[in-house]
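Paired with chain B in one complex and with chain C in the other, chain A is shared by the two complexes that follow.
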Partner chain A sequence: MLATALITGLVLGGTYALVAMGLTLQYGISRIMNLAYGETVIAASFGAYLLNNAIGINPLLGLALIVPLGFVFGYLVYGLMLRPLVARSRDAASLEINSILATFGLLFVIQGVMLVAFGTNFTSYSYMNFGVNVLGANIAANRLLAFVLAVAIGGGLYLLLTRTRWGTALRAVAVSPSSAALVGIDADRAARFAFALGSALAAAGGVIVSMYQTFTATSGVIFTMKALIVVIMGGVGNLLGALSAGLILGLVETFVATYLDPGLTLAATYLIFLAILLWRPAGLFGRAR
Partner chain B sequence: MTNFSRRRVLRTLCMTATLLAVGAGGSALAQDRTSVKIGYAVSKTGPNAGGAGITTIPNYVLWVKEVNDAGGLEMPDGKRLPIELVEYDDRSSAEEVVRAVERLATQDKVDFMLPPWGTGFNLAVAPLFDRFGYPQLAVSAVTDKAPEFVKRWPKSFWLLGGGHDYTEALASLLAKARDDGTINDKISMISVADGFGIDLVTAARPSFEKAGFNVVYDVTYPAGTTDFSPMISEASSNGADTFVAFSYPPDTFAMTQQAQVAKFNPKVLYLGVGVGFPAYGAANGENATGVMSLGGIDPNNEANAAYRKRHEEVTGQAPDLWGSVVTYSSLQMLQEAIKRKGLDRDAVSAELSNGTFETALGEVKLEDNQLRKLWLGGQWQNGQFVAVAPADREGAAAPVLPKAPWKAQ
Partner chain C sequence: MLEIEKLAVSYGKHIALHDVGLAVGKGETVVILGANGAGKSSLIKAICGMVPARGESAIRHLGKSLIGLPAHGILEAGIATVPEGRGIFGDLTVDENLQIGAYVRRARQGEAKRRALVFELFPRLAERRRQTASTMSGGEQQMLAIGRALMSDPTLLMLDEPSLGLAPVLVQELFAALSRIRETGVGLMIVEQNVRISLSIADRGYLMEAGRVVGQGSATELIEDPQVQRAFLGMAATAQ
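And then the complex of A and B:
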């Protein structure tokens, strides 16, 4: 029972973390609070659904197609739409407000396109929906995949960010875009790259989530809100923070559902969120000024 | 790695939450023509769009198109007036639907209004329909309080029954299976802690108790839950042969998948809204067979089959197998009442209460402003969601129990 709850919780948390990591990159490094993040996730889900049902390309192969598309999409959005805002904004606070308003508009553009293209129907398909035995717990293969990907992506990107020159440059931009330029870092390029990487992660999350979750053209908001909670809990811009915050949420929800009452999962989620923010206002891994 | 102050994080969080709460946009869409003005406000965007986009909107579209293709609504003198449509998106917000209905009545001055989607939304606008004197043919509203509402709002009509009707039908179906020795007397029951789930589970507890069942697991979960494995694992180990979930569509889809993963094979699997969607059959294929839920259709009913065919031709999607045909039939009733009585709203309301109508549901006569002849339970059999309850109604199929175990995919 305990092992089952533990593993189920970790796997559920992995799916939360997977969806949140892209947002933490976009918000932490590019300083763009992207409200259209969930719509990017859903657009990728529809992409995976189309590939699977219309052309017969399975979602795992679909990843190879959709993730680069997500990257290109993020790159273009940043270059065409957000770059002028960054250039115009006087300081970080005004950029934040500008980016929230601009991406709020983008949210409706993407959602509108999806509504026209796919209607309001609940969409779902089945892929890798079989059980895998992990230490005595029976876990859905598609969810396990999401967990493995979350850990692999989170760990891999963490190593890249902390161990390579390129990653150090990205982190420098995250800390101070204006000072980064003084040591020869192209802050604009770094921010654009981080934003595109975040979009690619959102697309990856969307493809994986579509394997086991029913979605509609209008359900992006749910993903944005959940991802934002994970991001803020983990510390903005911190991949390991997003990963551990996601896992904590998953564990808490599963343990509460198993041992207390499934009705209390939402309350428990927000209780943990509050407790962590009171204890560490900048998030688990965040460093407060 | 970063340096975000608490104030900044909180400000962002507040701003985000506010903007997202303001909700999905899409502005009002109004067209102007001269003729019979019919208006509605319905959730075209937001969280309710999924349900409204299946049960309500396609039927409005289909009906208006059919009426106008035929030259318009027929009046008592035989003249035909085309429908002029006024349509608003309530963005899945209860305040917005109230505002839109008020606007339809006072500014657009429509001749008739069609109801919004959802129990809560229909209740929210009922006082306005009543105040402005419009008949309200509420379909996508399941409520046990219908008799009370009819007294309060005499021009309101409730066409999808109450939670009690559905749980009584389920309890009697289960009681028969138990008496036949197919299942034991234990039930596991979960429900979403939101409108539909609360109504149904409140009705189900006394229904099951009266039928002599023992509900061994009875929990609720918050709307938006995506992982049901803790509940499924509890239900699979407590010895109950029957699993009942009063769930919303995303939950229903998720539970079906997760039950397969967990190899959870209850003898009776009864899930909530979503089982009656054509997408459910499409997504689950063979494995949909045996799953039970609310609603159902009689596949041999010709009027219904013809309706389903037209629906698919005009809207490009199949109607759901519970509320859709009732929605469409309510519009046929309105059309016929207008043909008999003209555009006088009081006379039309009286006709709806007392008249007999030929619809896609067959012959319909309301009792105390409610539709009582309903399919209350269905089961997927041979690729169709056929009605199995009430068992004594003509056209009901026999339920196939126990449900066969999941097939490997």
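And then the complex of A and C:
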């Protein structure tokens, strides 16, 4: 039972980490608190479902289609809806409030479209739904695939952001947008790009989640909240922090569900969240500023 | 090289700069002197594009007008700035700060050579390449800010109060480094409170007061100027 809980927890945590990485990019670099983030995740889940059931394109291939779409979607949302807010906001605090209000509206627009199109039913499809023996535990192959994909995409993103000049530039914007301008980084373009990249990650997370979980048109808010918790646990803008915090959250939830009571997972999640807010407000790995 | 005419800057109703005219020749070192609030920082900010200049202003660098260019456009034109407070990226390492300094297109060629030059100027940076910038001392951070600016291959380097908050021995070291940068042919425009040491490496200087240029001269003229001595060097008019 321990091995099963451990592996299930890591799979869940890998998905959380991936989804949270996108949010931390959007919040840390673009300074947009995107409340419609989870809706992007779920929209991608429905996309994978449609591709799989209607045209017979498996979710692995679907990933290659949906992730670029997520990028384009984020790029357009930033350009059309958020860019005017950024231009208008006097400072970071007012941008935060404006972006929360605007994306709160966007949440209901996307959710409404999905409700009309797919209804309120739980949706799922079957892909690689057979057991695999890992360290004596029987795990569904789709969960293992989900974990591998999350690690590959998250790891790739980490390398991109730490090993390339372009990635360093994005991190520089996260540290200080005003100084970024002094070294010739177009902070506005960087913000738009980071937001689009965040949406692409949300889309990747949505496709991956749909491989092994059921979802509904209204479950986006759960992803937004969990991603937010992971981002704050890991420290805003901190990718490695998001990765570790995501894995921790996945493990804690699974262990609580296995050994205590499945009904307590949400309570455990928020207990961690509260403890971190109280004692480590800069995140588990963040420095106090 | 840099030519400024009728530069005017205002923040709301407050006029920070009025009808400012000055020039920096190729490879020249120019010091801007003035009390707090004289408009020195506004001058730097207007040139590097951080605050907008008013309509009648003209700023040209190597014949190219800089008015209306975004901050990165001004960097591409060859002007790098070390702002007051340094503006380095605290969470990034020394190496990453320098790498990001060469972000602009004009800086891509010869990057390795300039990095070697920066490490030659500031050997301490070479020792701390992997250190997170925010964990370094104030002096080292100032070196990093200058090194980062040099990575963009500037023809003119502007520094806003580079000696602020540094111990006297570090100020000496800093100006020794600036003097070596000057020898490489980069033009320097330095806003400084530390008048004596900045004039010692300068060719010329301008005096600013209440948002205007009220005087100018060669470095040797300025250091002898009674007005400068009275205002900045703490000497009574009758002394000497």
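Keep this in mind: the second predicted complex is superposed on the first by the 273 of 289 C-alpha atoms of A that agree within 3 Å, B and C clash if a C-alpha of one lies under 4 Å from a C-alpha of the other, contacts with A are read in each partner's own complex, and residues count from 1 in each chain.
Convention: a contact is a pair of C-beta atoms (placed from the backbone, for glycine too) under 8 Å apart; a residue touches a chain by one contact, two chains touch by 3 or more.
From a predicted model like this one, the values you see are computed outputs, not experimental measurements.
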Superposed partners chain B and chain C on chain A - clash or fit: fit
First, second, both or neither for A:R165, with chain B first and chain C second: second
Which superposed partner A:I185 touches (first chain B, second chain C, both, neither): second
Contacts of A:A140 with chain B and chain C, given as first, second, both or neither: first
Angle at chain A between chain B and chain C, C-alpha centres, nearest 10 degrees: 150
Which superposed partner A:L76 touches (first chain B, second chain C, both, neither): neither
Chain B versus chain C as contact partner of A:Q111, first or second or both or neither: first
Chain B versus chain C as contact partner of A:V221, first or second or both or neither: first
Residues of chain A touched, compared between chain B and chain C (which is higher): B
Contacts of A:V175 with chain B and chain C, given as first, second, both or neither: both
Overlay on chain A, chain C to chain B nearest C-alpha distance, Å: 5
Shared chain A surface residues [contacts with chain B and with chain C]: 171, 174-175, 287
List of chain A residues in touch with chain C within their complex: 165, 168-169, 171-172, 174-176, 178-179, 181-186, 287
Residues of chain C defined as touching chain A within the complex: 48-50, 70-72, 75-76, 81, 83, 87-92, 96, 99-104, 134, 148, 152
List of chain A residues in touch with chain B within their complex: 4-5, 8, 12, 15, 28, 33, 35, 92-93, 96-97, 100, 104, 108, 111-112, 115, 119-126, 129-131, 138-141, 171, 174-175, 212-219, 221-222, 224-225, 228, 232, 235-238, 253-254, 257-258, 261-263, 265-266, 277, 281-283, 285-289
For the chain B and chain A complex, residues of the former touching the latter: 1-6, 8-9, 12-13, 15-17, 19-20, 24-26, 44-47, 49-50, 52-54, 57, 190, 193, 219-222, 224-227, 229-231, 233-234, 249-250, 253-254, 257-258, 260-263, 274, 277, 279, 283-284, 317, 408-409
